[in-house]
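After this come two complexes, each holding chain A, first together with chain B and then together with chain C.
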Partner chain A sequence: MYVAVKGGEAAIANAHSLLADRRRGDRSVPALRLDQIVEQLALGVDRVMSEGSLYDRELAALAIVQARGDMIEAIFLVRAYRTTLPRFGYSKPIDTANMLVERRVSATYKDLPGGQLLGPTFDYTHRLLDPELAAGADVAEPLLRETEAQAMPRVSAILAREGLIEPDGDMPQDHVPGDITREPLEFPMARDIRLQALSRGDEGFLLALGYSTQRGYARNHPFVGEIRIGEVELELDVPELPFAVPLGTVRVTECQMVNQFKGSAKAPPQFTRGYGLVFGQSERKAMAMALCDRALRAKELGEDVVAAAQDEEFVISHSDNVQATGFVEHLKLPHYVDFQAELDLVRRMRAEHDARENPPKGDEKREAAE
Partner chain B sequence: MRGQEARDQAERKAAMATLAQSSGDDIVRLWNEAGLPSDAELLRGPETGLVTLRGRIGGGGAPFNVGEATVTRATVRLPTGQVGHCYALGRDKQKARLAAIADALWQDPARRTEVEAGLIAPLRSALTTAHEKRRAETAATKVDFFTMVRGED
Partner chain C sequence: MTDIATYNFAYLDEQTKRMIRRAILKGIAIPDYQVPFASREMPMPYGWGTGGVQVTASIIGPDDVLKVIDQGADDTTNAVSIRAFFKKVANVAVTTDTASATIIQTRHRIPEHPLKTGQVLVYQVPIPEPLRFLEPRETETRKMHALEEYGLMHVKLYEDIAKHGRIATTYAYPVKVEGRYVMDPSPTPKFDNPKMHRSPALQLFGAGREKRIYAVPPFTEVVSLDFEDHPFEVQTFDQPCALCAAENVYLDEVILDDHGGHMFVCSDTDHCEKRRNAPTSPLWGGRAEGAGGGLDQSTPHSTPTPALRADPPHKEEGKEKQ
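The block that comes next holds the complex of A and B.
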């Protein structure tokens, strides 16, 4: 018999105050300010904005402190906050060709209009820990180089002139972009909805899947056509104004992956593409997203679906780390009744099993003894 | 649309863009320096909500939803009747209120020059300086390829 019990209120309250204490840590160490996190842990803030699916640096910084640096917990906090706000509308699509570029590289063309701009990158660093940083040494101002503002067309536009690459992804004329925050996931899904899910998907999960395609599970020979990072202007159509109202600028990372494609019954030999677009400076995520986007287009391009990265339902259903952590972590909550039932069941099954394996042999034994 | 009306709309939009991109602190400082009036009736907000940011597949293809951004908006009416609006990224309510008042003042022909000279122009100049600096910092990281000459000829 199971008797329902209550309790734990005091334990929970005390646990939360202990959490607050541990979060603050040694009081002789100055408390972190949000602006320090925004400025100095900027890429962590970007990750929380991207996977929390909410562009707001200060809120992401608050979430990181509140979560003691646990990124998935911080992402969870941001997602929860999002649900408390009304929605004003959908922005006009951003124009990444008109970006104030802070980094732009292409692995396919050396000399492209606008050039290769390395920007603030970890690439080509030696990955040696820096004791001077630990000592808090002053940092020099960056160098400047005066140049004329140059147009920086997307690399995909350059390749398109030769007709050897597929165009930007189109949807039917009357297609309204799907929104996974409004409608439940349904499979198969259109590419626009997949991209929304991938853009807020878990970086580690998408990275592993992207890596799997490179290692041969749905190989599609990718090249980085272009990565660009920078600020784009955001505009919103509102009924009270006769023009789209400017909202300010957001920093995004865009990745154009170019993939070799030998052609199929559905499409001629050409370069195909995968696309990545994420909040903030997050090029690993944008690249992983582009690899997954391309792999998930297998059916559309007439390829055999043979690997995990090509399986839309598998990838999209498991890419959201808030859903994933919710389901995995709920296992630690009380399951006393479920387990009691399982325990009873196993006891009964064990008794039946024992009865089958060792039928009563009392009579035979007695005969032998006699 | 007549030419003047189109020009006015473009200028008003440019002023709103400058206000939206500027920090609340800069707006408050210049507002006080310029001695702009801040009495206005709040018709809506300031209130914070979400705008879903859209991108395009492949950069130029069909639109898709990327994620949300916080946006704060306000609508005000001046004692002289002009109605001004502000929508700006972030959660700065004072900035939204002042930017909406600035938009309303801008629509008053008697006040436009004052708003442009005292508020919009200095904000725009600061933004331009910041953008030029960013561009020059990025330009310093541009790769200059050169060809190694090999052999005798």
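The block that comes next holds the complex of A and C.
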């Protein structure tokens, strides 16, 4: 019989079993446990929770193993699970001013109330591969400060007292926060929707766009007002109860970018804000998000839209890596009926082209003249 | 370990299905209006048919009989995978037989066997917006649809003629639905466009990544765009299927060796198998009459033996006009 695709079902089953085998790898090497991933690959877990939009370390770890460490595949697994979960309600906005802070740095003030707190950062490590780690050396207990007594106000609040920075964005009184997982995106979009999309957007994509703003494509003169990482409490309003019910805490990274602004027809000279907020510990993502958020506010602030990072439809339509990877990779699905149609057209156009280029005998003179 | 919840009938939760059904109803009420809907992540990647799968999951019931094709074939890997998905999450009967299916989910083809009233054809759509390649901005294209401003599309087709002497669009060929909206029939070869016209079946289009649903209700006008002096034409093949000798069906080119040997076989595997099992059946005398508005039946030729050939497979077009 001919060579085509009979037996798709068996082929798929076989491919899956081979995948399972490769995922497990050498059976003499112990299998990874989820708690090992949660504990020791925590930043990878955080990224999967953040871009998967589901705060569950164990599921994120499972997704990472199941995806053989392919982060976008893991994010995809988490998304496809989360989308089936029932929606009980929307929590109250988290209050990051009351965060139980583990790291907090400001690039705009040498010292400030609450102090600079480096926390568990790579920032000042020397990137020298550490053979001791491979050998499984014991790790000493870290020094921890006593529980924070001093309040840690946000830098944006400090600037706001002098009116030097624009107020935190206001939404109209009757504004119901959007939900990008329950409503289709529409352009132009309100900032709440945009921030949701950025928060689950691909880290690499936002990083590159944020970087492009620094290199002059919609430069927005940023300073890191503050980055803080820590636990915040989640509360939910329950109709039967007169008070909000605490649900537990989540770990988040928040970045308040302070951007210079000379003023425009619409706004006085003052600092403006770019905002980034993601699950877990991911400064790179939160900072890139804040740069993009600020760039995307160009229209609102009366700036010229000249670069990709300022173009809402361009940025938001292409920031979701699950969508992007799906559409790029679908090109490996069969397209032969359409290709057949194109083959036919190209063949006929080539035939016509040949006929024009090599006309039947008798036209030799004309050809020589050319 | 976290307990993974079991999934609802046909995977999607009932609220989501209701939301999608509302979008479908709106789509049916305004033929080919692209209804935005809150597309969900599905357990297969975007680009693999998540829009079609969501539409099917929202309309399928326990008594439905599902057929899934990709490139016209029931046995391509993605069709197998989607069929297996619904078998698993909805436990419905599945078939490869076009006539006995109640829902047919498809990628890139419309079955050769005419569809009938009560059947639903669900298309997987990558880019629902026919104007997208002329205007990348959704904000602009929605305006153009609202104002019925399709001049750009005609200019594009005209430029094709000016440059190539013909309309050089072979698939995803734009159609006008019920005299109002211009539609992308999803990337089906234009060969299939006439089958959409006045089809007795309900045609639903789902684009998951782009979050759009649109519909062509039964017996709706679907007219391919063209010009008076350059009327719409479909592909014709000047040899029949090498396996079942069907004529006026869409054929796939199968490469047989590395010396240019190839043959042409039916893209619609169900159609082809049926013909091979019952080659004398009058039903299969040629291309099945299109689901309304199809092409004129051409006179059946005698059945030539399958031949290897390296020359272009097609006759001149233009003989079969609507």
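Points to keep in mind about this one:
In this section, the second predicted complex is superposed on the first by the 350 of 370 C-alpha atoms of A that agree within 3 Å, B and C clash if a C-alpha of one lies under 4 Å from a C-alpha of the other, contacts with A are read in each partner's own complex, and residues count from 1 in each chain.
Assume a contact is a pair of C-beta atoms (placed from the backbone, for glycine too) under 8 Å apart; a residue touches a chain by one contact, two chains touch by 3 or more.
Fair warning: this is a prediction, and the values are worked out from it, not measured in the lab.
Placing chain B and chain C on a common chain A by superposition gives a fit, with no clash between them. By the touch criterion defined above, A:177 reaches chain B but does not reach chain C. Counting the residues of chain A that each partner touches, chain B and chain C differ, and the larger count belongs to B.
Contacts of A:56 after superposition: both chain B and chain C are touched. In the superposed model, A:357 lies in contact with neither chain B nor chain C.
Touch criterion met: A:111 reaches chain B, while chain C stays clear of it. By the document's definition of touching, both partners, chain B and chain C, reach A:82.
Shared-chain residue A:162: touches no atom of chain B or chain C. Residue contacts after overlaying the shared chain place A:199 against chain B, while chain C stays out of touching range. By the touch criterion stated above, A:103 is placed in contact with chain B alone, chain C being left untouched.
Here chain B and chain C sit at a least CA-CA distance of 6 Å once the structures share a frame through chain A.
According to the touch criterion, the shared surface of chain A, contacted by chain B in one complex and chain C in the other, consists of residues 56, 58-59, 82, 85-87, 181. Contact residues of chain C toward chain A in the complex are 1-2, 4-5, 7-8, 11-13, 15, 36-43, 45-48, 50, 70-73, 75-81, 84, 107-109, 126, 137-139, 164-165, 168, 170-172, 187-191, 209, 211-212, 235, 243, 250-256, 263, 265, 267, 312-314.
Chain B contributes residues 9, 12-13, 16-17, 20-21, 47-71, 73, 75, 85, 87-91, 131, 133-143, 145 to its touches with chain A in the complex.
Residues 2-9, 11-12, 34, 56, 58-59, 62, 76, 79-87, 181-188, 313, 317, 322-323, 325-331, 333-338, 340-345, 347-349, 351-352 of chain A are the ones that touch chain C when the two sit in their complex. Interface of chain A with chain B (complex): residues 49-50, 53-56, 58-59, 82, 85-94, 96-97, 100-103, 110-111, 115-121, 142-147, 149, 154, 156-157, 167-171, 175, 177-181, 191-193, 195-196, 199-200, 233-234, 236, 238, 240-250, 252, 254, 256, 273, 275, 277-279.
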